[in-house]
Amino acid sequence: MQTKRNAGYEAWLVQIFLIATTIVVLYPIIMMAMSGFKTNAEIFGNPFALPKSLNFDNYLVIWNTTDVPRFLLNSTIVTLASVAILLVTGTMAAYAISRYRFRGSIMVSLFFLAGLMLPLRLAIIPLFIQLKFMGLIDNLLGLIFIYIAMSLPSTVFILTGFLRALPSELEDSARVDGASEFRIMVEIMVPLITPAMVIAGIYNAVPIWNDFFFPLIFIQTPEMKTLAQGLTSFFGEYSVNFGVLYAGLTLAALPVVIVFIVQSKRFIAGMTAGAIK
Amino acid sequence: MSMTNADYEKAKRNRTLKLKLWLLFLILPPAAILIVFVFVPMGSAVWYSVFDWDGLVRKEFIGLANFQDILFNPLKNKVLFNAFMNNVKVFVSLMLVQNGIALVIALLLARNPKGYRFYQVVFFLPVILSTVIIGFQWKLFLNPVFGLVNKFLHNIGLHDWALPWLGLPETALNSMLLVNSWHWFGFPTLVFLAAIHRIPKDFIEAARLDGASEWRIAREIIWPLMAPAITIITVLTFIGSFNWFEIPYIMNGLEGSPAGSTDMLGLMFYRTAFGSVSAGGSNFGSGSALAVLMFIFIFVFSIIATKYLTSREVEMN
Amino acid sequence: MRKFTTRALLVAAALSASVSTLAASELNFWSWRQEDIAAYEKIIAAFEATHPDIKITYTAHEAKAYNTILTTALAGGSGPDIIHTRAYGSLEAISGAGYLEALDGQVDLSLLSADELLGTTLRADGRIYAVPFASQTVVVYYNKDIFDANNITVPETFEEFKAASTALKAAGITPLANGTADGWTVEIMSGAIMPNFYGSGFFGEVTSGATDFEDARYVGALEKMSELAEFMPTGFEGVDYATMKALFTSGAAAMFIGGSWEINGFRDAGINFEIMPGPAAEAGGERMVATWLDGGYGVNAASENKEDALEFIRFTATTPFAQMLTDELNNVAAVDGAMSSDATLSRVSSFHSAATPYIMLVAFRFDTPTGSTLLQSGLQELMTGAKTAAEVAADVSNGIKTAE
Amino acid sequence: MANVVLRSVNKQFGEVKVIKDVNLTVEDNEFVVFVGPSGCGKSTLLRLIAGLEDLTSGEVHIEEERVDHLAPSKRGVAMVFQSYALYPHFTVRQNMGYALRVAKESKETIAKKVNDAASVLQLTEYLERKPKALSGGQRQRVAIGRAIVRDPKVFLFDAPLSNLDAKLRVQMRIELTKLHRSLNATMIYVTHDQVEAMTMADKIVVLRDGKVEQIGAPLDLYNAPDNLFVAGFIGSPSMNFFDGTVINTSNTDVEIDVKDSVKIKFPLNEPSNLSTGDKVSFGVRPEHFTIGNTNQGTFTGEVYAVERLGGETYLYLYVGDQKEVVAHMSGDQKIAIGDMVEIGFSLKQSYLFGPHGDAVR
């Protein structure tokens, strides 16, 4: 990637364009974070000024009087559990599809791929009735299963690609060494695709974390709400307290932004994995 | 010691059987989750759509009457057509604006400017943020009275430009599309960028040696060789456009306000299936029929588009 | 730290499945009234004091999504024991589907007027499915301080209303806080302005089919409505409900046309306001207010604790409940006998001598498309000048005729 | 007796037959090389012996015991793969000890066996490294070490040297031969490189299209190839073939006409069933040409390229109708491009193949 760096006015034009785009991207986010420290009066009076002081009142309102911390916890539980089970089951399916020749193998992989094209939210009504029947309404477990099902196709797709690329000699070698199929998978093959699993995990964790459609319908008690869903009701409650609203948005965005900044390379690889692979 | 031929065959069959059981063990759990939580509900939606529903109660089988109602009842198909055309507009605009900007930026980043990594991270930042956050944030920004956008326009003297962005039929959808582009452009940018990086350096350098201009290189070498990325982004944008729900729902509500100018198939489905305060009661039959129509449309079109676009791709190996 | 531990425990408990075996009778009570959580908790506490074996949990869902949540829950065979229902068409959708317990014969409804009970009666079988809780009235709120500071007398007629608005505008104050971004707020606004122009007889005629919405009276009323656009905030097309409230409570706008349920919020915001009915068409003309039944309390027919739920519903049909509703929420309770200590609220009640049904909600929300859908979208087009009054009237009229 | 016997072995992938009725015996302690062009089925045959593929029909016996129903690890074989197949996330020690660990050997036993094998292969100082940190030759040795540790009855090698550079390959060839002698083990070795086959094998099995073309000691194959294919495959550079037509036959010789230009009277050791008019191929190895006319046969051609390696010289000529011929001479030859040269051969060191490619002797 290290081609020669462009010199001269062309490089300057490129930089100007990119810097302008950077401002357009970052400025609204910075304004959102800054407004979280302001009072209503400041937001109306000096919307573009820096906050007068590092005033955490709005955040305290959120922390003490709303369920936002609770929502954060629920979202974390749902996201982590979904992604963990997703990776286990997704790896199993991808492993079977990519590492074995068997009759119907193409059917099985098409079966998983078909899920990529099915917009599950259109089946929300039957899904509700079914979850109800299974006792999974108002239960984080219900959400977790839906997210796993929704994310399985892309996970299988991504992991199959990586698993196919592994040399079959490794597996043959382990077979000659006497390892069972299970052991070959767990001890030899899967450790080799951990980077791919991280990518698939991130690819699906972001939309799961951000989803508000399914919780909107399947979660009813406030204690069970997830962050994105909780925000919508929080907005109803604080509709005219702009400082608190901005603080709430900032707080909701913060965890993902921090993880993103620390792990940006993996995030980018992960989020674009489905499209590039 | 003395095994018969049949014993050998049996031993072999046992090995095969063990392998089959192992495969079953691998495939069954994920397949079961997918069947229970995707295929069965999707199938049920189709099943529901051929029944008459009194609100929430299923009554008799009526075949395709629900479909007929949505497609040919003059009032409903007016709403449907309006929503559909809005979805089309969303698709076309996002292709041009969001993906267009992304392409330009990808081409610029491909020149490996200073700060390459930084720009990559920054442009991708909005992508990871929740649509709920982005929707609310921009709804606040675009507020005609308290919003920062209009304050900013006043500050720089563009008083006439300070419009009630989300309130005017002419600007509401466009504002949302810009917000959506702001949210998502980083995604196609990085997909395009990855595609450009995959083009062997020799191709571009050979063209440079042949004296081709940068514009010609972009148009005649990079563009055709990026075709696979264009395909995938087009199909993803298509699916996203026709499922568009979050941004209009959060920013202007369920009715596609003002005056239906931001109505989308997704909103219409939601209203039809569940009802709303103003729009009245729910109808699972019509809702499911609409869902099935949308599903068929999206599915068939994605496949056709993939086929068509893929056939234009250049083999590069 | 302790808080966190408790939360973690709660989550763990919730994850391990639903908990419903603890007490003999734990009732769930769902509503869309997020603003009223504190008040309802007080009311429920009062009920629980006399019924120690019943525990009620009040859950307020996001208003926009309440229908969806309730609908899916009921369709899926679950849902709360006690349901805060909306009235008219929304009630029919769920009572018609058999999800609500018929209350007549089980609950003493003697303290409720026939008019109000109409809003919770299923037209198909004539039975009552919810105890009406409050009526709402569309009024004009005005900021007394601003009126005084600008020497504006409270307008009585529409022309005076416009004159006052012109004066306010000249003084640099936004006369009306109302916007059109949220369709339902324009419909509310029309409820204050239009009845005085289409007159008291129109509702009866249009519901009986004697006339339709292309009636000259209705078109005329729409035209008057459109004349107010210039007094709405700059960019009113993008002004939503929250912004409207912010404009009025911050003193940036002098008047606010809204429902009587706003009284509490405006009082909490600490502004010096008063209310009046919509302006008369001409001097000495009638000043009607649009009213409707906001909703009621129903019992889930599938509830496992139906008897206990009914016990609570019976409570909601009593005067002590109505009194609490009045005191805590400043609502005009549907049940008779409650006395309001709030002067403003008493005024609302006094307007009811010249009340007209809030037309689309009361009569045209039973079929799709609903009258509200048509009118809201029409009003948005009218106020922005995209369509004329006659065109909007034609759209509404045609829509309602083809509705099913 | 760690011998390996294949009986009527067939393998089919779907409709495609990759191994066709192979019968073969590998004696105890023998070093057997399967050789053939790519796609000839040699690797598949090896994998059938290892148990990595199931037979479609036939039998595999190892040490007088039928094994084709057993899992690979139960057959007493060890295999070294072309890509070495070292587990990238394990250290050298873990790699070498993996089979023993799977077999639940005690830690001490594993450590001892690994250390022993490592010292034999001079890998001791690399035991704690990951494969990534090793050179190609070292990785190769680890792969072999991994096989040795298991103390197998039969070693299977699947083109293990093809990923090494030329110099290392020569070195490893010799090391493998030494190893074979010191271990005294049965080894089956697959390669497409006939030089490896010739230098290492006790016995070569030439395969083509899933069928055995010829089995024999390296020099037997060189001197007496059974058919055109083996003749062309064994020897480097390849044998030159000339199309010819039989013009006369007798019990003692066959007279052929090569492209209407050269007439050759090929002596027979055994009766042939050739008849006049048959299309035949006449073969001469490059190294059997000499400059100048011989009494037994001569071609004349124009030199179009010369490669001088000092000790030896390769001449490339067009003979007759643009037929390309290679001749290998020792020493330097004073010949320039464009020269017309006569190259002669001896009938004893030439070959004749009938219309179906079978050798005529």
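Letters A, B, C and D name the chains as they come in the text, with residue numbers starting at 1 for each one.
Keep in mind that, in the parts below, a contact is a pair of C-beta atoms (placed from the backbone, for glycine too) under 8 Å apart; a residue touches a chain by one contact, two chains touch by 3 or more.
Note that the structure is predicted; figures quoted are calculated from it, not measured.
The set of chains touching subunit B and also touching subunit C is given as A.
Summarising the inter-chain contacts, the pair of chains with the most C-beta pairs in contact is A-B.
With respect to subunit C, maximal separation of chain centres occurs for D (centres as means of Cα atoms).
Here the spacing of subunit A and subunit D, counted between their Cα centres, is 55 Å. Separating the centre of subunit A from that of subunit C, both taken as means of CA atoms, is a distance of 39 Å.
Subunit D has its Cα centroid 91 Å from the Cα centroid of subunit C. Between subunit A and subunit B the centroid-to-centroid distance comes to 16 Å (mean Cα coordinates, whole Å). Under the contact definition stated at the top, the residues of subunit B that touch 2 or more other chains are 146, 284. Shown for subunit A are the residues in touch with two or more other chains, namely 44, 124-125, 129, 232. Counting partner chains per residue, subunit D has residues 71 touching two or more of them. Here the chains touching each other pair up as A-B, A-C, A-D, B-C, B-D. Interface residues of subunit B facing subunit D in the complex, by the touch rule stated above, are 3, 8-9, 11-12, 15-16. Against subunit B, the residues of subunit D that register as touching in their complex are 54, 66, 68-71. Interface residues of subunit A, counted against subunit D in their complex, comprise 167, 169-170, 172-179, 183, 188, 191-192. Taken in their complex, subunit B has these residues touching subunit A: 19-20, 22-23, 25-27, 29-31, 33-34, 36-42, 44-45, 47-48, 105, 108-109, 111-115, 119-133, 136-138, 140-141, 146, 148, 151-152, 155, 182, 186-187, 190-191, 194-195, 197, 201, 229, 232-233, 236, 239, 243, 245-246, 250, 269, 273, 284, 287-288, 291-292, 294-295, 298-299, 302-303.
The touching residues of subunit D, counted against subunit A in their complex, run 47, 50-52, 71-74, 77-79, 81-83, 85, 87-89, 98-99, 102-103, 146, 150, 158.
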